[in-house]
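Below: a set of structures, written as structure tokens.
One chain, chain A, links the two complexes that follow: it is found with chain B in the first and with chain C in the second.
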Partner chain A sequence: MTDIGFIATNAIVLACIYGTLAIGLSITWSSVGLINLAYGFIFALSGYGAWLAAQYVSTNGVLVLCAGVLTGAVGGVLVCALAFIPIHDKPNFTVRGLIATLAISLIGTQTLLWAFGPRSKNLPEIFGFWKINLGGVVLTSDKIGNVAVSIMVVTAVLLWMRSSRRGLEIRAMMMNPHAAAIVGIGVRKTGFYVMSITGGLAGLAAVLLSQTYYISPFGGLAPMIKGVSIALCGGLGSVRGAVIAAMVLGLNEALTSRLLGGQYVLITQFALIIVILLIRPRGIAGILDRAREA
Partner chain B sequence: MTAASAAPRPEKREILKVQGLSAGYGPMRVIHDLDLTVYSGERVGLVGLNGHGKSTLFYAIAGLTGWQRGSIRLNGAEVGGTRSQGPGRYTHLVVRRGLALIPQGDEIFHGLTVEEHLDSGAFTPRAWKERKPRKDRVLAIFPPLVKLLKTPVGRLSGGERRMVSIGRGLMADASLFLVDEPSLGLAPKIGKSVMEALMSVELGDSAMVIAEQNVALLEGRVERIIGMHVGKLKGEASVAMGFQTRREI
Partner chain C sequence: MSDSTWRNPLYLWDVEGAEEAIPANPHRDPQEVWTKTRQSKTPMLPVGRLRYYYKWPGHGGALWSRLRYWPTRRRVLEIRGEYNPKTLRREKTIVDKRPIWWALGLFAFMLGPLVMPGAYQNTLLAAGATFSIYAAINLCWMLILGTAGIYSLASYAVVGAAAFGVSWLSINLGLPWWLLPFAGAVIGLVFGVIIAIPAIRLDGFYYALLTIGLNELCRVYTLQSKQFGSSTGGLYGADTYIPQDWSSFDQSLLAYYACFVVLLLALALYRIVDGRRLGRILKMAPEKREAFAEATGVDYRRARVWVFVISSVGLGFIGGFYAAHYRGVSFSIFGFDTVLLGLAMLVIGGIGRAEGAVVGTAIVIFLDKVMISTGPLRLVLIGAIMLGVVLFLKGGLFGVKAQFRSWRDKKKSERRSMRSEKGGEMLPEEATETKNKDLLYWRRYDKMQRDFLKTLVTQEIIEEHRKQPLGQHSEPLERLLLYFRRAPQGDKYAITVVEPFKAYRIVAMSGQRGVAPRIVEDKIYASQNEAYHGVFMRRIQDLLES
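Up next, the complex of A and B:
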């Protein structure tokens, strides 16, 4: 019984964090058409931003979290200015953008290594130390905090996208960038909004994950790979698909590391993704979305 | 070119003045040194075969072609000029100056509901503030949309989509409406009713250019009909001339 409880809680925590990353990547890809390989760098950068804030300003949890999110947003704007604005309307933007963000990622992580050194840093426990026992399942403060904060923030972002003019702008660009230009939506300005919001989501995920793992210059790589695979599995551009895919892959990760061992996680994960994409080439969104394309 | 200079009435304002416009995609030149003037309050029909540059002319006015050169003055402000790349980069600025382009083949946002879709048409700051009365006006023109307001556009039929697409254009705070083949791909009856709706729009001080292949749908209901042939304007007929076509060689 405790075993199942442990697996389930781990799955939910991982699903929330990776889901946040996947939603960010998914929105970036479908609205500005950029496969943001610098997402891992933004993730690591915001980890360091939060660490600096905790080190030199205050160890208050809310402040550390905000510092991480803000650094992430700044990182997103930086990537937008370097990799989106100069090349977005040139031929073959998808591949060029991929290479540009990869370059930013490589340069950025090396700069982080140079600036902060190879030793991992750890953030203060922003949710404090407490635990509750729920029918034999022990829930620690960081698990509850992670789940609550990520669900709250992602819900807030999605509600904002549903109700505001800016949100309509972003959603319109996600569905048809050409028509978006026709109704008067400026592609470049929207790019900055999108990249700062998704950067902020990466920052949030970085601070939340740092409650479990340490911050290191290359620490963003594995979460980014997970985020990309969840986004692919859910169907790029679909938020609901990403949420469901995050649940499925989080469960898979928790189950695999419990039953087979942690080293097999990536193997089972990619096998699962291949199976899902073989059955549903558009990902889980293909099952959900009944609206016809184009 | 004298094609566009026939019908002006002195009190009318020039909404659109295109001079020496050439445009195309990559090595292909579609529009050849074209002049066109559209005055306030008039409906102009643009007729021509497939592939003779009607859509490209509209796209060039919106800054959406691969490249273009030549002057385009919209409400007196220059929105054209020479551009060698970046299709769509400045389109939102042209739209803000008062252009509403209703493109061929709908170009819809398939996941938005009809209501959100109409809102997106009023995206310019001025139109956004008064989008409620505008929406009521569009729904009065297209009554079938009232029941569909909460439906995603991707689930609508072809005729309904065309209504949404045209409705989105009419939501804009525009002085020039460019309508590209409103009856394309629709059943004749539905195409006729869509055209009927377009003709019922009160233009006021604005102007409307309708590209259409079916001249019969336009005849007697627009102020001028201009022919388009291999990227140039060829011949013009107007109400004043009783639709006697005049050919230029």
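Up next, the complex of A and C:
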């Protein structure tokens, strides 16, 4: 019983963090039409940003978290300026954008390796040390903190997107970029907003995940692939789909590691994704006509 | 008596008011304006406007003898034969010189070991072998990425799976080296079919992201499993084709040429798939144009499965050879950086062409292997080149020529549109809308005529008209009056009598029957001749303003 509870809580925590990443990727794709494969680099960069803040400024949890989110936003703006602004109106933008973000990822991770060395760093425990026992399941502080913070921030971002003027602009871009441009919504300006927000989400996920794992130059790759799988499975551009997919994949991960063993997690996960995509090629929630056409 | 004096012929007949000679304009030829308008104002630069080809002499006797690939009717070089229209001599033009460059390049690569400096011989031979293997992999990948236009990033995963599979078979079952590529091809076939299934259903980016995931799956799986050597960083100990009792230099040389043969095989595969029916079908059914291809009767799904299977068999073969070459394989083949470097090779060279894959590989391998002492910086450099190519070039290095040409054409047409004169003539869009095309030519002629008439307006002419508005006039004035009188009725000036012999006033015709003329000015002229001269002055003003 306890190990099922352990696995389930683990799955929920990971699903929350990966879901945050997936929502960031999804919003980026549907509003600015860019597949941001430099997301892993932004993730690693914000981890290092948080580490620097913890090292040289203060180990206060809120400050470290804010430093990570800010570094992520800066990284997002950087990617936007390099890969979105110069080519977003050129022919073949989607493919070129994809390759450009891959190039940025190569440059960025190698620069991180060059600057910080291959040794991984760890962040201070930003949620403190405490635990609660909930009906035989022990919940540690970092788990509760991770889940609470990620749900809070994602909800805040979604509420902001629903209610604010900028959010309206972003949603208009998501629905129809050309029409949005016609009614006076600046593509480049909105691109910067979107990329900084999604970069901030990546930074948040980086700081939260570093409570469990370490920070390393290439550490962003695996979370990005998880996030991409969830975004794919939920349908690129759909927030609700990403949430559902995060839960489905989290459940699958928990079940597989309980029934088959940890090394089969990725295999069953990809089998599941392939099956879902074969049935619905645009993901769980992506309805064909609502999806962005490049 | 000077040139610019006009002698009135009516003077001799004692016509009232005729003076013997009055000052007038010197003669101007109306042809001048015509010639000036007709002549081209384009600065004709002597270079960069035509494509110059060397003209080889042709043999009349051997007109129809051509060198062809044996089983097909394809020619080795695309040669255009024609008769020079001036000299009537037979000439030959090599239209596509790429086969010559290929032959020269491959020949140079073959002769490379002869000229390598002794100190770097081992490094360069090893780098050459690596280059050949990676170029072969990239050529097979290019079939999917360029010819089929499917963004599959799992090609290195196929190579790695085949290499791991055959290494395991060789170590555990003792497979000999000459069987390894074929065993790899079988593994590649299975893998290719597996990755081809989602490719039929999924759109480009979904597929790209899925294949990144598959790559990571392979990496994590081999990293965790004991039989694939999770403790040793890879699976080593496979049988190799390099005899161990040879000297080290001979071994490197053998490896160099064996890899070169694999590269040649991959080039042949690329040529066969890309240049023939399958490639044509795939290239006419790229992403987002499937519906059109299907409507014209192309079974693009089948073609895509075929290209996946063929290129995966090729990749598997290369994977088996890879294991036999390096005596095993490490996990780094599944790494994200390997995929990124491979993609950098294709993107730098230019996606969709064989020379792009090979030259891009050469550049990246050179930077990666020869500058290995600079550490991570060399990968940063490769990434920066890749980013620059993506941001600024449309088709990689080998697309530079076409891109430059289109840019130059754009600039040319911009300048041409700046040069074109608009006055009096119709704008291009207006011209296409006009029903009466005669109007175009009439307006052009009218403009030239007005340009000429403007030069005739002088103080002398005006003075001559003031003295005598009616009757015989000098030649330039006569031309002006003829032009004015020929104007259409609408808005034509006329004079109306306010009080006979005392007051006249200028009006303008409406041009429509039943609509009264409108009054143009309040001025009252005392006599008919003054009013005539007033009309003339208004017309001259209109002419000079047009």
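Annotations
Everything that follows uses one rule, which is that the second predicted complex is superposed on the first by the 284 of 294 C-alpha atoms of A that agree within 3 Å, B and C clash if a C-alpha of one lies under 4 Å from a C-alpha of the other, contacts with A are read in each partner's own complex, and residues count from 1 in each chain.
Keep this in mind: contacts are C-beta pairs under 8 Å (C-beta built on N, C-alpha and C of every residue); 3 or more make two chains touch, one makes a residue touch a chain.
What you are looking at is a predicted structure, and each value in this text was computed from that prediction instead of being measured.
When the two complexes are overlaid on their common chain A, residue A:I35 makes contact with chain C while staying clear of chain B. In the superposition on chain A, A:V138 makes contact with neither chain B nor chain C. Of the two partner chains placed by the overlay, only chain C lies in contact with A:P86; chain B stays clear of it. Contacts of A:I99 after superposition on the shared chain: chain C is touched, whereas chain B is not. Counting the residues of chain A touched by each of chain B and chain C gives the higher count for C.
Of the two partner chains placed by the overlay, only chain B lies in contact with A:M175; chain C stays clear of it. By the touch criterion defined above, A:I185 reaches chain B but does not reach chain C.
Under the contact criterion defined above, the residues of chain A that touch both chain B in one complex and chain C in the other are 294.
Of all residues in chain C, those touching chain A in their complex are 151, 197-198, 201-206, 208-210, 212-214, 216-217, 220-221, 224-225, 288, 336-337, 340-341, 343-344, 347, 375-377, 379-380, 382-384, 386-387, 390-391, 394. Chain A makes touch with chain C in their complex at residues 29, 35, 37, 82-83, 86-87, 91-92, 94-96, 98-100, 102-107, 110-111, 113-114, 218, 221-222, 225, 228-229, 231-232, 236, 263, 266-267, 270, 273-274, 277-278, 281-283, 294. Across the interface of their complex, chain B is touched by residues 89-90, 165, 168-169, 171-172, 174-188, 289-294 of chain A. Across the interface of their complex, chain A is touched by residues 62, 64, 85-89, 91-93, 95-96, 101, 103, 107-112, 116, 119-121, 123-124, 128, 152-155, 168, 172 of chain B.
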